[in-house]
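Presented below is the structure to which this report refers.
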Amino acid sequence: MLLVLVGVSILTFLLLFLTPGDPAETILRQQMGGRTPSLEAIEQFRQSEGLNRPIPIQYVDWVTDVLQGNLRESYYQETPVSTLIINRIPATLELAVAGMAVALTIAIPTGIISAVHKGKAPDYLSQFAALVGVSMPNFWLGYILIIVFSLQLGLFPVAGVGGLESLVLPAITLGSGMAAIVTRLVRSSMLEVLDEEYIDTARSKGLRERIVIYKHALRNALIPVVTIVGLQFGYLLNGAVIVEIVFQRPGLGALLIDAIFARDYPVVQGLVLVIAVIFVLTNFAVDLTYRYIDPRISFGGESA
Amino acid sequence: MSETLLEVEDLHTRFATREGTVHAVEGVSFSVDRGEIVGVVGESGSGKSVTARSLIRLEDPGYIERGSVRFDGIEMTDADDRTIRRVRGDGMAMVFQDPMETLNPVFSIGEQIVESIKVHESPEKQGLLDYLNVPLFSSRGKRSQMRQRAIDLMSEVGIPHPETRVSAYPHEFSGGMRQRAMLAIALAREPDLLVADEPTTALDVTIQAEILQRIRDLNEELDMAVLMITHDLGVVAELCDKVVVMYGGQVMEEGPVEDVLTNPKHPYTESLLGCMPQTCARGEPLNVIEGRVPSMVGEPTGCPFASRCWCSSESCTSGELPTEQVGDDHTSRCHHVEELSESMEAEQ
Amino acid sequence: MKNSRRLGRFLSNRLNVVGLLFVSVVVLSAIFAPVIAPEGPNEQDLFNRLDSPSAEHPMGTDQLGRDVLSRLLYGARISLQISLAVVAITLAIGTAVGLVAGYAGGWVDEALMRFVDVLLAFPGILLALVIAGILGPNLTNIMIALAVVGWTQYARIIRGSVLSVKQEEFVKAAQLMGVPRRRIVLRHILPNVVTPVIVLATMDMAYVILGTAGLSFLGLGAQPPTPEWGTMLSQGRNFVDTAWWVVNFPGLAIMITVLGFNLLGDGLRDVLDPRDMGDVENKGM
Amino acid sequence: MEDSITRRTLLGAVGAGGFVSIAGCAGDSGDGGGNDDPYSSETKTGDGSSTDNNSSSGNNSTATGGSANVALSMDPTEGVWQVYGGVSPYYTNILEPLIWVSEEMKLEPWLATDWEATSDTTWEFTLRDSVKFHNGEDLVAEHVVWSFEQVLNEWSYAPGWLHVESGSVTAIDETTVEFETSDPFPTFPGTIAHNMIAIQHPDRSRENTEPIGTGPYQVEQRTQGQHVRTSGFDDYWNGTPSLDELTFSVITDPNTRALSLQNGDVDVAFDPPKSRVEKLDSNGGTNVTTQLSPGAVYVGCNIYKAPMDDPKLRQALNYATSQSDLVETILSNIGVPAKGPVAESIFWSAHEKLPAYEQDTEKAKQLVEESSYDGEALQFHLSNQQVDGELLAQALQQWYDEIGVNVDIQVTEEASFEDTVRSGEPHLILESSGTNSGAADYLIYETFHSEGDVNERLYNEEGTGIYNLGEEVDQLIQAGFQTGDQAEKEQKYEQALQRIMEEAVVVPINYSEYIVAASDGVSSMDLRPIPEMTRWTGLQTGQ
């Protein structure tokens, strides 16, 4: 994992150098409110930001700062990147959790129904619905939801952050795509489990079908689902960018977009790094959860 | 005394597959008396496992085409779910072949036994939340009581240190121990009939003997009838009172064990006996479900064994098989019973 | 014989047929756009802006009075071109890396796979977004970004397959007999990975179209006046309730195409040996 | 004050695009200072919807209480506003500058009642009496000095922009402040008539994000990136704010702003998409007001890049363009067809006198024939921030195509757009100009003078530039820039603009208007040409 993190940091750092042309002038011009910086000012900026030095040294400097918790300062916001990110995390986290909740609420029952009625109408219907869910560009869905639920029915605000009501539509928009993926997953996992011998054992005990499915089958079926759902956290972050733009939620995604367009490299780098680290850590956490829900995998085993 | 507990009559179980309808069980009839141990013997794919599953209505994805399974006066083939559950909960328990796969890996052994006890105690009242052990919905006092019962059952089936092992998970058990646990799960329901589907096939020989011994003991102590499904005539010889020989989804021969084994009245039984000690390779897993029994696709005609039978004649390839009474409670379904007896006598 | 049975099985699932139908419609639209389209994709009529659907303009006109239907038909070309290009590139890179890693083994394998791990540590579209954003908005850059992100899964499948085939006796035997490595690889390994790769590539077509739409929405898309669906949808968003045809037809076009490829991929997965798909998932860190 | 009337007030100058905001505040003009307003007269007021602000915001008698929510496209909590305690003076009226800008683009005495140039480089400002800060303290000269020091130290470009170094602002007495500019800078008052140069109390806290200003509304709650909630400040010097509570919400997407208004989530929405104006206006419940700003949109031709160096080609492009068609269709009749690159509302724009290139496709074709153009694709660049830019560019592309000129459109993100322009790479550039302050001379200087911001780099390095016609125009602009005499300024600039249009350095498109949509209950919105200077003191909500 450490190796991956090192790789992540290198890659993140190198992103800056993808920029066509000289970032210094772009940055300075914006810092100066649009005025063309003098060549001396550009040179001075390069000096002070260490942009003249060999890339490996710049990288080491950067990593040293990062390890001390210093993600540097935004070029334009005059705020430490870490502060910017921390300020934005709640909105995104809230959205991601709500989106995940929506996804699971839709996906688990649908997946189960689909699996239990395999090959019958409910199965086809939910499979098709799930595919429609993944196939819709989510910003389109977002606008449709706004039109229907906000403008026509007046149930929810169009945009912004606030109480639960402003979370509903974004969460549905974000969750639907994910729901589709999870539904398919639950279905196939459930089908696999329902074929297992221990399901027959459970039935042979005289257990109700409900208990067989929701206790014996589901618990096993959820094991791979948890893994993939955890790995899908990244999918949520992908989607969050767009949902945050559609619903004007000031989260990490919106920050990233702004930073990319403004060429605010410290913010872009900081965000990409933080997101990747969150992603890697999530996967790690998923691993731990996996161990918890699947007793066959013992704790304290190797984790390389 | 010999009261009939289970009566199977003309049972047909089929599977619809892409290749066609598989006639896995084709007109099987036999009976089990209270306290009796009956063996069902046959090769992989002979339909014996499907028969066993059909008895407790676990034939899915197959379906019972016709015939009857009467257990303790209850007609299983058209019973509703509730009745079926009640029978499963305290009449007929089943132990499956591969203990590595029949225990739910994510619940402790104790939990799985306790469930069985719960069902037995109140088969009608099965609250999902109770079974999921959601705190407010399941009584703790009762749970620890059942846990104690589970520990007792575990020691009854010969699991050492049951107090500590009750909270162990299946993967922490050896194969033999798992099969014992399965046995405990079955016994928790105090069944009248234990259907054991090749319970020892996947186990080492020594453990196999222990388990069989345990089953015999239970049979004696609890007066529990056993239907032993096996491909191993040795097991039958050792354990059973009566044997049913199956091939191609049909009963070939049925009778008291001693009679059938020493004096087989069917060519198939005979060839089985011929390969008995060593050549009968142990358990390739039987897989009727996926339709890998191509020989049983389509309407069967004549004797299923005809193509491999050394004494088959034209009459064997078509028409109904006769059921010949060949001794007390001993029947054989062969056109050539007469000749067979003669030739065998000649050999001797 | 086997193939015709597979075809039969494929067609027996109605969802597969729907998928095939959708994809065919899109492909045919792309090919015959100039024949079918009532107008050129960029023919403006400023004084007939935002006309609702009519006989003349079955899907109405857009902000510049262009025929929405014509733009959608030509847009099918763009979408297919982009996704084919990205899939081809990812496939090429992924195959090359997978073969090298799997066959060479040792530190080469280790290094390549670590690199794959690093790329996988970024949520795909986000990384694509950053790359495309930094490179600047246009379709080429979107394709580059999506390709950078997309090749890793192919590399993994192919590497895995190489590793397992390498263990097979006949490959060892071939090696002992002095058959050149290249031949072994081509003869024995490629046929083994064709199935999962075909399925993955089909699904990837869907993924790329959706990804392009998302990036276009964020303003990284095609340069005007390219009739790219994502851009059309994104620029039509001001009209969600005033001129629904400007937004919803491109939305539907994207959905139908993506749905088509997804259904097709599913169908192919079911029909081609499902067992081959087992190891597609990545296996932790 | 009727609302819901489309108000075409042709006023003074001010910026359309927020992103140009501070851009032009440079320049070293030689205009006379004092209370004298350089942009007086020549303005007509469309309807009487405005109030005289010195007295008016004091609609005190009608103070009604209530609350309103205003949706802005900009984020007033951005980090750059930390110097003011984390809330922007743009739009919010929380903090105020010494000088405001009136409806007519006149300098309006605000926290300063009077100012005069005491020498070429010194200015004396007299402060208003009994202005109270939100913390109850009176405004004194020291506060002004402190506020300027903050700005000068905070923003590296501020000293160059204001021509004032740190340490050269001094308090002469309680109510008099002296500024010493680093060089003669006649447009100093106009330059600091800018929201960004606001006066604040030294007790304001950066850490706790507590701004302390003198405005009619004070900050109650600030949520980063989302909204700023303010309450009326009863001791406001210029009337009593009518609302108890006024909230500014950040909704960056224009369409979402409009939808939020339609949905009743907000009461006022700035800059909804033009395409929604009709709907918002005809809708029950909402209405739309438009206000001319000092902005202009035009296509700039890079006259040093072949084939754009051929005036015939540039003229052809002008003849191919119909400004009125663009305004009527794509711009939904919002804005005014332009004849030059400087907004008509700026008194020296010379709009009346500039030649008009009426659309004449045949003539255009002929000019293309005669020109050195031989079919190559011209690179037409624009910023992704340019409102309606892509539509305008595509419409132009079609017209140019009709006269046989190929154009490739390149939309780039704002950050690199300016770089690209100054590199001289594009042939055609969609430009938009404007100002956020009371000064506007830079609009012509920075764009068309060889040493102006756009041309400077290439001019110095290669002796070329982008839009600079050369010596003659440079001299005219220089003369206009330096004169204190308005008639002369007008004359010199007019001559320069005449040359610019004759040579067809630009293809004018439109002079900008901005749009504010509001729910029907909202009245007494006091819009200014500079939208950021909208006054909220008298705002009423119907409910």
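Labels for the chains are A, B, C and D, by order of writing; each one numbers its residues from 1.
As a working rule, a residue touches a chain if its C-beta (ideal position, glycine included) is under 8 Å from a C-beta of that chain, and two chains touch if they have at least 3 such contacts.
None of the values given here were measured: they were computed from a predicted structure.
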item	value
Chain whose Cα mean lies nearest the overall Cα mean	A
Dominant interface by contact count, named by its two chains	A-C
Furthest chain, CA centroid comparison against subunit D	B
Euclidean distance of C-alpha centroids - subunit A vs subunit C, Å	21
Distance between chain centroids, defined by C-alpha means - subunit A, subunit D (Å)	39
Centroid distance [mean C-alpha coordinates] between subunit C and subunit B, Å	52
Subunit D residues counted as touching two or more neighbouring chains	259, 384, 413, 416
Sequence positions of subunit C contacting 2 or more other chains	133, 136, 219, 237, 240-241
Chain-chain contacts as defined at top	A-B, A-C, A-D, C-D
Parts of subunit C lying in touch with subunit D, wherever the complex brings them together	42, 44, 46-47, 49-50, 63-65, 133, 136-138, 219, 223-225, 235, 237-243
Contact set on subunit A toward subunit C in their complex	1, 3-5, 7-8, 10-11, 15-16, 18-20, 124, 127-128, 131-132, 134-140, 143-144, 146-147, 151, 228, 231, 233-235, 237-238, 241-242, 245, 256-257, 260-261, 263, 268, 272, 275-276, 279-280, 283-284, 287, 303-304
Of subunit A, residues touching subunit D in the complex	20-21, 25-26, 29-36, 74, 76-79, 84, 87-88, 91, 146, 150-151, 154, 157-161, 245-248, 250, 254, 260-263
Contact footprint of subunit A on subunit D as seen in their complex	19-23, 25-26, 75, 78-80, 82, 154-157, 160-161, 223-227, 249-253, 256, 259-260, 262-265, 384, 413-416, 418-419, 422, 453-454, 456-457
Interfacial residue positions of subunit A with respect to subunit B in the complex	196-198, 200-211, 214-216, 219-220, 223, 293-296
